[in-house]
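The structure appears right after this line, and notes come after that.
Chain nomenclature is as follows: A, B, C and D, assigned in order of appearance, with residue numbering initiated at 1 for each chain independently.
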Amino acid sequence: MEDLKNLAIKKLNERGVTLDDITNILKNIQGGYRELSDKECMDSILYVVSKREAIYTILTGIALDEAAEKGLLDEEINNLITSDNGLYGIDEILALSIVNMNGSIALTNFGHLDKVKPGVIGKLDKEGKEGSRCHTFLDDIVCAIVSSAASRIAHNIEKK
Amino acid sequence: MEDLKNLAIKKLNERGVTLDDITNILKNIQGGYRELSDKECMDSILYVVSKREAIYTILTGIALDEAAEKGLLDEEINNLITSDNGLYGIDEILALSIVNMNGSIALTNFGHLDKVKPGVIGKLDKEGKEGSRCHTFLDDIVCAIVSSAASRIAHNIEKK
Amino acid sequence: MEDLKNLAIKKLNERGVTLDDITNILKNIQGGYRELSDKECMDSILYVVSKREAIYTILTGIALDEAAEKGLLDEEINNLITSDNGLYGIDEILALSIVNMNGSIALTNFGHLDKVKPGVIGKLDKEGKEGSRCHTFLDDIVCAIVSSAASRIAHNIEKK
Amino acid sequence: MEDLKNLAIKKLNERGVTLDDITNILKNIQGGYRELSDKECMDSILYVVSKREAIYTILTGIALDEAAEKGLLDEEINNLITSDNGLYGIDEILALSIVNMNGSIALTNFGHLDKVKPGVIGKLDKEGKEGSRCHTFLDDIVCAIVSSAASRIAHNIEKK
């Protein structure tokens, strides 16, 4: 799994998302509650990204984005994915496989991030809508990673 | 089921939530997209509330709120429910039985509403935190009804 | 949506699954409760397959199966999908977008069908494991359609 | 949380479910794959039961069963819970808060166990249907614990 985890992080990078981008969003949304160190944020992101379900979701979602971007799929489904219609909904479902593993705080955070689109999430959304790239699945995956990491931090603080 | 639906609406009223309260939130959050008539909003709310899963969720959630408010449960779980701790999470899970039936737009709306708490949702939250009433399950149920109705409207607009 | 529904059914056919195959499984698993006519079963299957979420799930899942079968994806994720490893899990998650819309009976039926693999589900599983075809997503989608249709029938019988 | 975990296990015992009962089901359903020691099974059960979401679900579900058994809730919802109607569905939803944390194998196992009802699950179901006790929520919670523990074991074996 260690190899696959590194591959997932490499694919995120190739598609324009660094772990620092994700950590920055996490730091901002958590800022209201408590000062978090960069290390705490990064540890939490890495914990989420290391789980088998997260790795498989990242690799599958990016594979769909790339295949649609290259026009490899049947015309109709290719168009559905590249146009990122708000009613398509399969991107959110896929991202749930990360969110579900991390409890109900992850779930409410996920819905909220998907609306406000901070940081790199907004950048992905904008690039996708301009039509040069397809990030239909990736932006929801980033939302799922951040919201899951935030949920984990909330649980850990409570324990102390 | 018609009798149980009317009972669910009656229980909502008894706990301080009218269908008009719910319709008002729906109208506000949808306002950004398109002018909606009161009738469209109310029809959508009634459609969501008429489903068996929604009726059972409303009756069960309110039963838990009322039992905890009266102190009828074992001390520890009674305290967990009345204190509405952010990590309790069972209230969000229960509300998902409504949200899940209505697609992924319902899900992202749900997370967002749970954060911003507009209208009667904020009122319930405040009353619950003051300690006089227990609305731990009810506020999430209202979020679920509104977000599901919003999802239904989005799907119907698309069809036209 | 009517065009997309017909496309989804056509894609199911192309991948070796007819609506009659699906109806047959439904008839068998429901046989224990009550005699169902072929028409009732087919109507219920068509109801499930006509929903937007089901159509998108069918088209996306089959697109992934076909892309992996042709070797169009990056090597690692392509292998993960074609080998249909029991821990991959993204196929079940995708199928949940159909199951979730149809209540908790759909959910328990889904898990059960995924274990016993009756009729065309077993055929797809066998073909996939022999390596000639990739049905990693399709077999779970068929489980989801049957279990959702069974849930719908149970709800309708109760109403009478 | 350690106190709450012990309370959850104590409540399970009071309602007729020992950790050994749960471990026995796990051992039987896993037997097909590999010989598992009692210790491996018990460790996996304890891992699942120690998570915050599982503890809260156990305490809440048993609180509902006990309140309904004593007739403490409004008549209609009290009857819905004690009669354990197959379409009630809120018991399965609540149990999902345990299942979701443990991946998609947990989910398919859950649906299967809910159908075949091995060991203490069948005993709870029978007692509930005889009307002396109310185990509407508890039997699904036991299904959720076993299926989640089985999922965890499958993931661990794969790692070796």
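Everything below uses one rule, namely that a residue touches a chain if its C-beta (ideal position, glycine included) is under 8 Å from a C-beta of that chain, and two chains touch if they have at least 3 such contacts.
Quick caveat: nothing in here was measured; it's all calculated off a predicted structure.
In terms of C-beta pairs in contact, A-C outnumbers the other of A-C and B-C. Chain centres here are means of the Cα atoms, and by that rule the chain farthest away from chain B is C. Averaging Cα coordinates per chain places chain A and chain C 27 Å apart. Between the Cα centres of chain B and chain C there is a gap of 31 Å. Annotation for chain B: residues 52-53, 87, 89-90, 93, 96-97, 103-104, 155 touch two or more other chains. Listed in rising order, the residues of chain A touching chain B in the complex are 86-87, 89-90, 92-93, 96, 103-105, 107-115, 154-155, 158. On the chain C side of its complex with chain B, the touching residues are 1, 52-53, 97, 100-104, 155, 159. Interface of chain C with chain A (complex): residues 4, 7, 11, 52-53, 56-57, 59-60, 63-64, 66-67, 72-74, 76-78, 80-81, 87-90, 93-94, 96-97.
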